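Below: a set of structures, written as structure tokens.
Next, two complexes with subunit A in common: one pairs it with subunit B, the other with subunit C.
Our next item is the complex of A and B:
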């Protein structure tokens, strides 16, 4: 942040629009809001066009001379390829139902963050460049020509949308701002205007298989370190396999969980769960990224990164694929992957080897969500659980945008949490399930330099957490998303100190009674579980 | 500005019609040629627009899921907010089109003392519903002019619509509801700061136009009575493609007809096409079965990706050192 704003300062938000018409307010690209531009080598690495050095705050963005032509040609091409784009450009009635549904608008009061205006930024160009009425009536018809300031404005707000789709839920015609942002970002990527926080993971993922750029041995080592932690805290030695041919299941999860707190605890949770049920599965160092920042670049890039999962599943000869906790990963897998990729004949309809349950809803794609898988295990009594180990936690659940509005997985994680935690409290109903609020940093906006934007966008979610924190003493925010785990801790620290963030699988593993485990006096974070200090237990045993 | 221009445009239409109605030959233009042309533009334009949309494929299945997915038999799913079968999506669409389901979700966010509060907000839904249904009823009642003898269902609608039996001739409920709905919709644009902020001339013009249509329609029934037999003769003639122009219909009728013609001609080129678009919106009209059934993208191309072979080629030594199995030693 340029200058650190206190929460009180950030909260001085005026949701009333200014007097001036939005077209008359020139874009002001602010530090703390925008993300740094993509490094040229990270663009070249995946053969994307016009890799160059530039800065959003400088006058000249270093675009090719025919940038307008490229943009408009790309626009036209996308209108022809996506019915959504045409319809969403044509039918908005500006009823305003979406206006106060956006976390960025609520948290910033910037009128151009109202989803309707965000879309009008592009729609005005569509009218001005492609429709007769717009060309004749101009501004009166809400039309304008594409100019450099207009492009800058579009760019600035394309990276203030997290593609969470909350507005599309309330739109009477289902106009989906995520779709507009996705295609808009494709357009600016035609001349190298991506942000680095997206482009670098894309490049890394393309080469090494994961966003962080972990090389094969590092990826393996990191997981083995976590196995060491498990051995220390739980007393169980786990030896996962990598790139093993003939395993029944390939497990793919976002790489953030391999590397950073608190995601690593979720990953420890997976390892323990699979060990407990004796799952015949393998990790892959090649297809080692569930997340897909390509999705925040272009649909083509999303397809290129996503291709590795099936490619690897085929090579290893697994029967089906299990996917870890991640938000946008599941949007891509659930709604795009079965169209992006050709089916792999060697895969089979997924059946849980433990319960025999057929995952009917995944019979074509052959990829199951870990929360679905775990919920089924619990339902069939296959997990020995001691939820009282989580008794010091008062838990609420944050639905990630994508699994809720791009999939509909609402009950499975709740069922799991309620079976592994005794104290569960829902946030207010307008902020959960299909109406859930974004963490504020999705769609590749979880950088460090745009912290003000992130805290503003995170306000509605955090505010709902604060409500249950004050009312019930909630101290744990559970989620099934690696970006949530990466960004919500900062948001909680800023808005609701005293609330930790935990993946659902972490909570599962803490409650899991494993054969041969120790007295479990500490949790997966190595923290003492209140009331379970080893000394006390020894004392009890003596008696 | 947007308000004044829109209002001016509607007034101009009224004035043109008023002048035209006084001049015999122009009546022919206003009563016969313009309605025909407007209707042709409406039908042709509507079809053109829908075909234009339809020409673009729906490459991906991206419904906005608004409820629990289909997963296990023991988890109650939300069929109509997250449909996986055709009939379920039809119910979803029915609720969307006939009950404005998504608008009904509308809430209002307010920041009070550092707390965000979400309250229900049904005015938009109510106004929209009143407006659209009364408009439909009025359109159906107008069939009386187009068909001889008047169909029974039209008479039934008239009876229900006029059941309050207030005034002479009877005031129709739909007239009151239409104007109330329009008042709510226009009132939001005038007085709700955010809605005013986003409103364009494209938003005011159709509202003013429809208000003018409704007003002239009501005036014709109550104040400036027109020759209703002549009107029916004219409209029947138009409908049977044997147009005649009876004498002495009254100027108000010509104003009404020109306003309606303007609306019809404007329709296909405006946001009013949401009428067709709502049926074609891929976030609403698709089933959420993408993991159950493969969907094909007509412009699919194979992805150019970093294959395992290339990957192993690059990292073979590192992999071997770390004990990760490789294809080629």
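Our next item is the complex of A and C:
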């Protein structure tokens, strides 16, 4: 007969998880958290090694027999090549200052998502395989050997880090876990373990210049569709040029803005802004991707994909380059492009043709951020604006990790928003500017299959939005990043229904008074603007 | 003593014990963080739990306003529904309240005279647990809905190719408006 439980026993449900140290808790790879593996042909397309079919939840990952050697050799190479990496492996004192600063830890509660532990996953192998102390003392020195379960664990958590660098802000030694993740991902790419959401854009970008693999005529066609939309909603016809030699400025933006909502409204914003000021610029169907998923694969791949921007600028003979709203695109440009690429002699120090402002900060890069450019236009009174068209919006601003922490651009987008919207509210200060919380889906983790992970990672940001939503009725989350625009809507749908996501340039364009425009009763999304319904309709309704 | 009097007297310790049980469903290091980090924005999960669990308890022993209970449950479950819990772990924490309350009843009071009230209390906890199940399912369904929307809204990586149907549909709309019947060519990159 079955053992009968006493009423007390029946009620005593034990929900406590194992208490062990993280190193003793085996990794449990779960659906909803990981992204699907890269397709072999997408790996082959850029000559990366060991393209093969595999699944993270299966025992055998199809690695070459000498995978350990490859990994350790790659590890050693990178320790020599990147002084920071070596230092980060050596100097962490495990003080824990970074531990609770990661959005993935905060949202998931999984101790392996503490930045210090994330780094320890690799560091323990470093100690166990490369240091005397680790080899002698083993576990006592926090060391372990590289085994298949260890590799699986490293892989799983490398793709639970958005390389946002929030943790590094709080580390007294400036240890940058994002950089450890970047190099860790390089290592797993030595035997074909990338995720498809990163690999496919890399392959496409390499082949056609943009993540989606849009061919030149499609790229052009898509932008023309958006011009059609502008014609319908604003009543003006815009005819942008493509690959035009001799244009003064080359404009490069993430291709996400060319095809996906709500990014397309931001792109319509760029089109209108440039039309408004009569800018002599051109689009390129070759350098048609500002984003760079190569950065999430390896630094070498980032460099390869980044090269086209200067190439194209040189080929078209432009004076300088204007860049659209993107996050990691700007991290790559701001922190790597200067050393990735040879300087292009034909480019000049950027000067705004409208205001005459010299962008001295872009002296060596020759590339200016659209928010800097727009802020300068507004400051000089060059834009005709009617911010009341945005009066139905209560706006807050999400600092994307890369523009804020990566390049220090904090004021310009705020200045722009405050000039085109009358209702702006900041989120709490420990969630914005340098301390901003990641959207939760950066660094190539903006796939669909890992939605649970994205929701966990997005929680701290959403929580701050919820606060201003409840307190001030905020209904619009503005940002200057294409990944933000792609992923924050989902996060809002789950955590803070009633908040929409908009690019800053979209808000600008909605406020722009264009020459020859219609009554502007609808916004760039084709939605009626409250209080601006056309007169005749009102009259009809009254009857 | 009647159960209600005991509960009233021990309200704070019940709520605290329940909250601690909730925290103890996380790794001890996480539990420590959830419990101790005060700032609401640095510690949204711990704060949400702390803010929801007291009012939830009061509503159960008080008016049992279903809408208020649902709101409190939502605050907690929306988070746990995306964390590393299997369903029974995610909402088991609500059933545990029966045990928590029994622990604060002094053993000398535990007798037939209290059973009827205890029976009613348990029934309320059961109702809350059923509501928790509904909230949990709604959250999980929401996730799937969002996944689906995410796939539908933008060009997706379908079987190794990008699906451009979204922009094509958009373009078609304009051409139809203008009365152009032009056909679209397949503009996707051709495999080999």
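As a convention for this text, the second predicted complex is superposed on the first by the 517 of 543 C-alpha atoms of A that agree within 3 Å, B and C clash if a C-alpha of one lies under 4 Å from a C-alpha of the other, contacts with A are read in each partner's own complex, and residues count from 1 in each chain.
We adopt the following convention: a contact is a pair of C-beta atoms (placed from the backbone, for glycine too) under 8 Å apart; a residue touches a chain by one contact, two chains touch by 3 or more.
Just so it is clear, the model here is predicted, and its values are computed rather than measured.
Visitor: Mind checking subunit B and subunit C on superposed subunit A, clash or fit?
Guide: Subunit B and subunit C clash in the superposed model.
Visitor: Identify the partner contact of A:511: answer first if only subunit B is touched, second if only subunit C is, both if each is, neither if none is.
Guide: neither
Visitor: Let me test your reading of the model: by the given contact rule, A:217 touches which partner, first (subunit B), second (subunit C), both or neither?
Guide: A:217 contacts both subunit B and subunit C.
Visitor: By the touch definition at the top of the document, which applies to A:383: first (subunit B), second (subunit C), both, or neither?
Guide: A:383: touches no partner chain.
Visitor: Return first, second, both or neither, reflecting whether A:87 touches subunit B, subunit C, both chains, or no partner chain.
Guide: first
Visitor: Please work out whether A:63 is in contact with subunit B alone, subunit C alone, both, or neither, and reply first, second, both or neither.
Guide: A:63 sits against neither subunit B nor subunit C.
Visitor: So, does A:15 touch the first partner subunit B, the second partner subunit C, both, or neither?
Guide: In the superposition, A:15 touches subunit B and subunit C alike.
Visitor: Considering only touches as defined above, state whether A:247 meets subunit B (first), subunit C (second), both or neither.
Guide: neither
Visitor: Quick one: is A:439 in contact with subunit B, with subunit C, with both, or with neither? Answer first, second, both or neither.
Guide: Neither: A:439 stays clear of subunit B and subunit C.
Visitor: Looking at subunit A, does subunit C or subunit B touch more of its residues?
Guide: B
Visitor: Following superposition on the C-alpha atoms of chain A, which segment of subunit C from the set 5-13, 41-49 or 149-157 overlaps subunit B?
Guide: That would be 41-49, the only stretch with clashing C-alpha atoms.
Visitor: Does any part of subunit A touch subunit B in one structure and subunit C in the other, and if so which residues?
Guide: 8, 11, 13, 15-18, 99-100, 106, 111, 114, 207-208, 215, 217, 221, 428, 430-431, 459-460, 463-464, 467
Visitor: What residues of subunit B sit close enough to touch subunit A in their complex?
Guide: Where subunit B meets subunit A, its residues are 1-2, 5, 49, 52-62, 64-72, 74-78, 81-82, 84, 96, 100, 102-103, 105-111, 114-116, 118, 124, 128, 188, 192-203, 269, 271, 273-274, 277-278, 280-284, 288-297, 299-300, 302-308, 311-312, 314-315, 318-319, 321-326.
Visitor: Which bits of subunit A are touching subunit B when the two form their complex?
Guide: 8, 11, 13, 15-18, 21-22, 79-87, 90-97, 99-101, 106, 111, 114, 116-117, 120, 131-133, 137, 140-142, 165, 168-176, 179, 206-209, 215-217, 220-221, 242-245, 285-286, 299-300, 303-308, 311-312, 315, 333-336, 338-343, 357, 359-365, 367, 372, 375-376, 379, 404-412, 415, 428, 430-431, 433-435, 459-460, 463-464, 466-467
Visitor: Using the touch rule from the top, collect the residues of subunit A that touch subunit C in their complex.
Guide: So the residues of subunit A in touch with subunit C come to 8, 11-13, 15-19, 28, 30, 32, 39, 41-42, 99-100, 105-111, 114, 196-197, 200, 204, 207-208, 212-215, 217-218, 221-222, 225, 228-229, 232, 259-261, 428, 430-431, 448-449, 451-452, 455-456, 459-460, 463-464, 467, 486, 490, 493-495.
Visitor: Flag every residue of subunit C that touches subunit A in the complex, lowest number first.
Guide: 21, 24-30, 33-34, 37, 39-45, 48, 78-79, 82-84, 89, 92-93, 95-96, 98-99, 102, 142-143, 146-147, 149-151, 153-157, 160, 162, 164, 166-167, 170-171, 174, 177, 187-189
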